[in-house]
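Chain nomenclature is as follows: A, B, C, D and E, assigned in order of appearance, with residue numbering initiated at 1 for each chain independently.
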Amino acid sequence: MLEIEGLNCYYGKIEAVRNLSLKVEKGQLVTLIGANGAGKSTTLKSISGILPASSGRILFEGEDITKASARTILDLGIAHCPEGRRVFPYMSVQENLDMGCFRRSDPKQIESDLEGIFDRFPILKERRLQMAGTLSGGEQQMLAIGRALMSRPKFVLFDEPSLGLAPNLVKTTFDIISEIRDQDVTVLLVEQNAYAALALCDHAYLLESGEVTLQGTGEELKGNDYVREAYLGG
Amino acid sequence: MAEFLQHILNAIVLGGTYALLGIGLTLIFGIMKVVNFTHGELYSFGAYMIFMFSAMLGLNFFLAIILSMVLGVLLGGIIEFALLRPLRGANIDTTMLVMIGAWIVMQNLEQLSWGGVAKSINHPFPLDPLVIGEVSVSWIRVFVFFFAVILIIGSYYLINNTKLGKSMRATFQDRDIAALMGVNINRVYTATFALGSGLAATAGALLGPVFVVTPTMGDMAALKAFAIVILGGLGSIAGATIGGFILALAEEMGAGYISSGYRDAMGFILIILVLIFRPTGLFALKERYG
Amino acid sequence: MSRWISILWLAFLFSIPLWMIDLYVLHILINTGIFVIAAMSLNLLLGYTGQLSLGHVAFFGIGAYVSALVSLGFDLELTDTYTFVFDAKPVWIAFLSGIIAAGLFGWLIGRVAFKVRGAYFVIVTISFAEVVRLVSLNWIDLTEGPMALNNIQPFTLGIPNLWEMTLYQKIPNYYLVLVVAIVCYILIRRLVHSRIGRAMIGLRENEPLATSVGVNVTHYLVIATVISAAMAGAAGGLYTHYFRIIDPDIFLFIYTVTMVIMVVSGGKGTLAGPIVGGIIFGLLPEILREFAAPEMQWIIYGIAMILIVFFLPDGIVPALKNWWKNHRSKRTDSAEMDAGT
Amino acid sequence: NETIKIGVSQPLTGAVAASGNYVTQGAQIAESFINDAGGVLGKKIELVIEDNKSNPKEAVATAEKLIIRDKVSVMMGAWSSTYTLAVMPKLMEYGVPMVVETSSSGKITTSGNPWIFRISPTSQMEAKSFGTKVDQFKIKKADFIVVNNDWGRGASEAFQEVLKAKGISVGTVETMDAKATDLSAQLAKIKSSGGDTLFVTSGVEQITLVLKQMKEQRLNHQVITTGGSSSPDQLISQAGAAAEGSNHLLFFAPWFPESAPNPSVATKFVNEWNKRGHNFAGLTEGFRGHDGIMTIAAGIKAAGKNDSKAIQQALWDVKVKGVNGNIEFIKQGPAGKESAQNVPNVYVVTIKDGKIALP
Amino acid sequence: MKTVKSDMSEVLLNVENIAISFGGLVAISDLSFNVYKGEIVSLIGPNGAGKTTAFNIITGFLKPNSGSITYRDKSLTGLAAHQVAKYGVVRTFQKTSVFDGNTVIENIMMGLHLNGRCKVWEVLLGLPRVSIENTRLEERALEILDLVGLSNRASDMASDLAYGELRLLEVAIALAAEPALLLLDEPASGMNPSETASFMKTVSKIRDEGTTILLVEHDMRMVMGISDRVVVLNQGEIIASGTPKEIQNNPKVIHAYLGYGDEDA
């Protein structure tokens, strides 16, 4: 479904991703692990079109989206739940969720999707009218997840979705992810909570200094000594 | 008493146009975070356009107003496209400097093309004023007031209740994320700037016939617009509206009962006081720490 | 190395009057120098604390007016029967009074800044400048209002009763401005390279974080505004005693804008920025004056600003620094390669 | 084939640019008149025109440039009293005479600057001259609205004095910022004062606004504008019916050049002005540039050489037939350091049936 | 309240009955707890429980509606944030927060603000002690970078750091202010388990050098692995406190916070 070939990304002169290639099959849950600064978020950003790749190719369902705008990419069905929450601080919870379905025009469906998200994160329903910027960190994270799902994507990029969530909600979040996978939504997941991510995924890539250094099934990576040592805390 | 009522009436009528200037700027300065020094120039541009259409080309007065509005929107769009788009992501001081440059260029182009002599525009309204009891107000001002009020309500609705309004706010709070939501960022930037500019040009087109048109007429107007935006709280349409009326009232009363020399000072003193007691303007948005 | 460059620079600046026979050029340099001082003072606020003062000209003007009034003397009818008479004082006392008065107003604005930041601070300063302008325009008993204060004494240097020199001529005025500018530069440099300067920069970058490590925001904003205002006041004093006229137009917004242009185009938050920007935008109008019609002068000025921003968005000095750094690293690279072969 | 340079400092941009440009156009007409007639001392004259940007500091800068860079030995300028006052110390410093063509402040000629030669009237002179005509206006109580600068305030003081001397009472005195457009507050106040006549001193733009807004607020005062630059034509075209019946003190009435003291000079000037396609409304200002340059040329001729000191001496004795009338100087100011002042003519015109008429 | 380690008898921080609400929303209804000298206490609880708000109140960023905060017998209630820092109570922020436009070492130098003594006039006069102090602060800054393991990035711009490094830098900045009590707000979020493990060692080191630590964190491995004591907050109230073991098995905590079957812990 998604295929990246030889991707290179720069921030000014800093090279953040180097010659990266990866593949995500339809319906799969693929995870990307790696140390801080390895280039995971950068990869996601260039897939969703907010950071232009400097070279390489990104194909989505056979279509080249390397140079496409974020809007086009969204319209193809890719949603990105970005790192660090990034909610619209001066908009209410409700308005933030509305932004999530900015490109949709099926009010009935939207209403039921909204209910679905409120079921998962009841606090959001309670805080519907609160300015998102005044939410607590975890509440903002829930909002960011909800907002990404509001576009009804067929492919979701999750960047550390469990960040700042309480353990019970971390669980909820992983439940959501495996559930949407079951609904045939493809997921590319970046997680620091590598145990959970590796346990859940179909395929995993290890990223180091902007390059893929290892890949395999979740079990394989979990079993790898190096990975255990460096990323799973021994 | 008559004098007092006259002052109040004057203030209300003036406040309408102040509010128009204020909301135009609150879109650009309050929401887009561009310190827009060309706001005053769009105001005088609107005034010159109605002069051109109505006084020089002899078009229908109301048609001339509409044309000036449209051209104001267009000019705003062009400025955004040519000057701000290449600087997307630059910090606020950088864009401010460009806008200062544009301001200087525009004002002197105006001076070059129209000359320094003030222009006056005739309007189709009767010269004899509308008399209400002891007070009076000219018909053109009544027209300007209602026109302004309609535009204010329209803008309010646009920002708060339409998809475009929502995408504007989203874009200027977090550009990348708005793009992720499918907002066409470039279009929103241009539209916001064009809309704000259009409102300024409209204010100019409305006030041109009331006052006279000169190349430097925009300077004070811009300064007041900034004051109004701050008074109301950044980015708040309601705030800018109320700020506009409050400023007009303060000026009118100050000039009437304290000293006309300090007329413009009234507004500024008011602003300092407001900000001392309510540091984020009258209608501020909340923030949190941590 | 950099010490040698500064010494060369100083030697050059001090030598100008020795070989520059065109007095008009000196006049322009004096005028530019005064504005460079004002721009440096603005840079302390805008560049280092991140607070944009769009009313900076108020401090400049207060310094100028106070200095003029103290040197001229004035009387104020306070009540019908009591008139406050202030005798004329020597110019250097007047100059110091101007600095102190501007500093005091800086303190006042700094206190307000305790409450407001960012755009709100901008508008407080604009409002402050407008109010001061209107006061100077309307308090005719004191300031002569729009009629301007005229025949202000030129600067006088000297030891009382022993030796005195009145600076009517260009050359001594040039040196005076140069010395004041150097003093201001040194003071600012010391300040920003100290923990006090770091506190200011911290405020600019992240106020809650700075507070959380113990930076007293009000305190440092007040310090910055007082010093900045006092320096602007000094520039104002120099202006008054050089041009020898002062009127409410000194508070015009365009002067603040000029200072901002100088600071931002040169590179805010850099020591050399306001000097470079000040020299460019101080000299540009004079250069243009020779070639273009009045409106065209302004138009070219505006376009020059836009172009600078487009091509050097961080300002000229940071751009030069970057260029120099790349240039050097390229050179050392190739040197290493040479050594390798 | 060297030229004799004459420095001109005028506001060509900024707040009062329109007036400065008219004066400059008048000066350029005089320049070509003189040069067509063979110049002075066998050389052509050349105006070096500098823009003082409607700003006193810039006025000083223009003086510096004209004197040190262009080495002119005589100047004309600098329109507003504030700019002129700013330039004056420079005249002392470098010893260069200046013909002052517009400024009205009394201070200019009383401060003891012997390099000043003013051809425009002070507000006192204007007021005094108005005093001889005041009876025809049948004033009982007068109000004032003046621009808040030396000119407006000076005029209001001078006219109040003359009126009070005639036993006429003075009601409200209001000022307005030079850039103010909304004068409704001041007018509302004036309305409640109960006067019958309103004296207005400001630029023509603001007078237009005063007239229009008076109408809006139903103010029925008789209007008299002072200061001489009010260009009634522009008022008629811009204020329309609101201008009807207003009276204007002028120093030149270009509609009736034949009734000027020097009809041939005035007619020639007006014809040339029109031929050049300049704005007719600008004539009430433009003539000053003409008269100023004519005076300077006469001074140079009388001096016999292009030398500041000599020109200063010679100017005292020149007699010039100007557009406004005959120009010759009397002494004003502290003894030994007197400035020179001309006593100009003052006219009154009225707008009647949308036309300019002599009352 | 029950003390866990009897040798920690000196109360460093005493929070008593604080409450705060925003508009109609009660964020903290009634919160009291102690922090003893030398311990690491974790404050945990569901999202929106009021942990960050409690930090804001303790460190002077917010004024509580009621209640008091005492630090070593001195009342902190109502003090401004910079004054609280002066007493040695320093916090980090949940949302990454560094001096973006500066290098890493400059960031630490700014954190060292309270360590410097020079007055404005001394600086303006350029007294020698100013430059001596500068050198001293620079050395100290390098030491701190060493401690958190960021020395290799000393001259990089803070804005170029990756998320995890930023989190370390934040802690380093706070350390520069020489806290006696350090409040860390989710410092390990965004770190992977290995990084968290090494970060835990850093935190222990900091504690061993005499700094008491109050920690807010959702990573249970860290909380359980490092804390001497855990306080659990829910909806603005304390629902439990005790040793990590006790807390882990407390049904109320499991219900409100941990969720059933926390497989990895």
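In this section, a contact is a pair of C-beta atoms (placed from the backbone, for glycine too) under 8 Å apart; a residue touches a chain by one contact, two chains touch by 3 or more.
As the structure is a prediction and not an experimental result, all values here were calculated from the model.
Counted as hops between touching chains, the shortest connection from subunit A to subunit C is 2.
Distance from subunit B peaks, on a Cα-centroid basis, for E.
Of all chains, A has its CA centroid at the greatest distance from the CA centroid of subunit C. Averaged C-alpha coordinates give centres for subunit A and subunit D that are 75 Å from one another.
Averaged C-alpha coordinates put the centre of subunit D at 74 Å from the centre of subunit E.
Taking each chain's centre as the average of its CA atoms, subunit B and subunit D sit 36 Å apart.
Shared contact sites, meaning residues of subunit B that touch two or more other chains, fall at 108, 111, 219, 261, 264, 289-290. Residues of subunit C in contact with two or more other chains: 137-138, 208, 295, 298. Shown for subunit A are the residues in touch with two or more other chains, namely 134.
Taken together, the subunit B residues at the contact with subunit C in this complex read 29, 35, 83, 86-87, 90, 93-94, 96-98, 100-105, 107-109, 111-112, 219, 223, 226-227, 230, 234, 259, 261-262, 264-265, 267-269, 271-272, 275-276, 279-281, 289-290. Here subunit C touches subunit B in the complex through residues 46, 52, 112, 115-116, 119-120, 122-124, 126-128, 130-131, 134-135, 137-138, 208, 253, 257, 260-261, 264-265, 268, 295-296, 298-299, 301-306, 308-310, 313-314, going by the rule given at the top.
Subunit C contributes residues 22-24, 27, 31, 137-138, 140, 145-148, 150-151, 168, 239, 243-245, 247, 249-250, 252, 286, 289, 294-295, 297-298 to its touches with subunit D in the complex. Residue ranges on subunit E touching subunit C, taken from their complex, read 59, 61, 80-83, 85-86, 90-93, 97-102, 106, 109-114, 116, 118, 120, 123-124, 126, 130, 133-134, 137, 173-174, 176-177. Those residues of subunit B that touch subunit A in the complex are listed here as 163, 166-167, 169-170, 173-174, 176-184, 235, 285-288.
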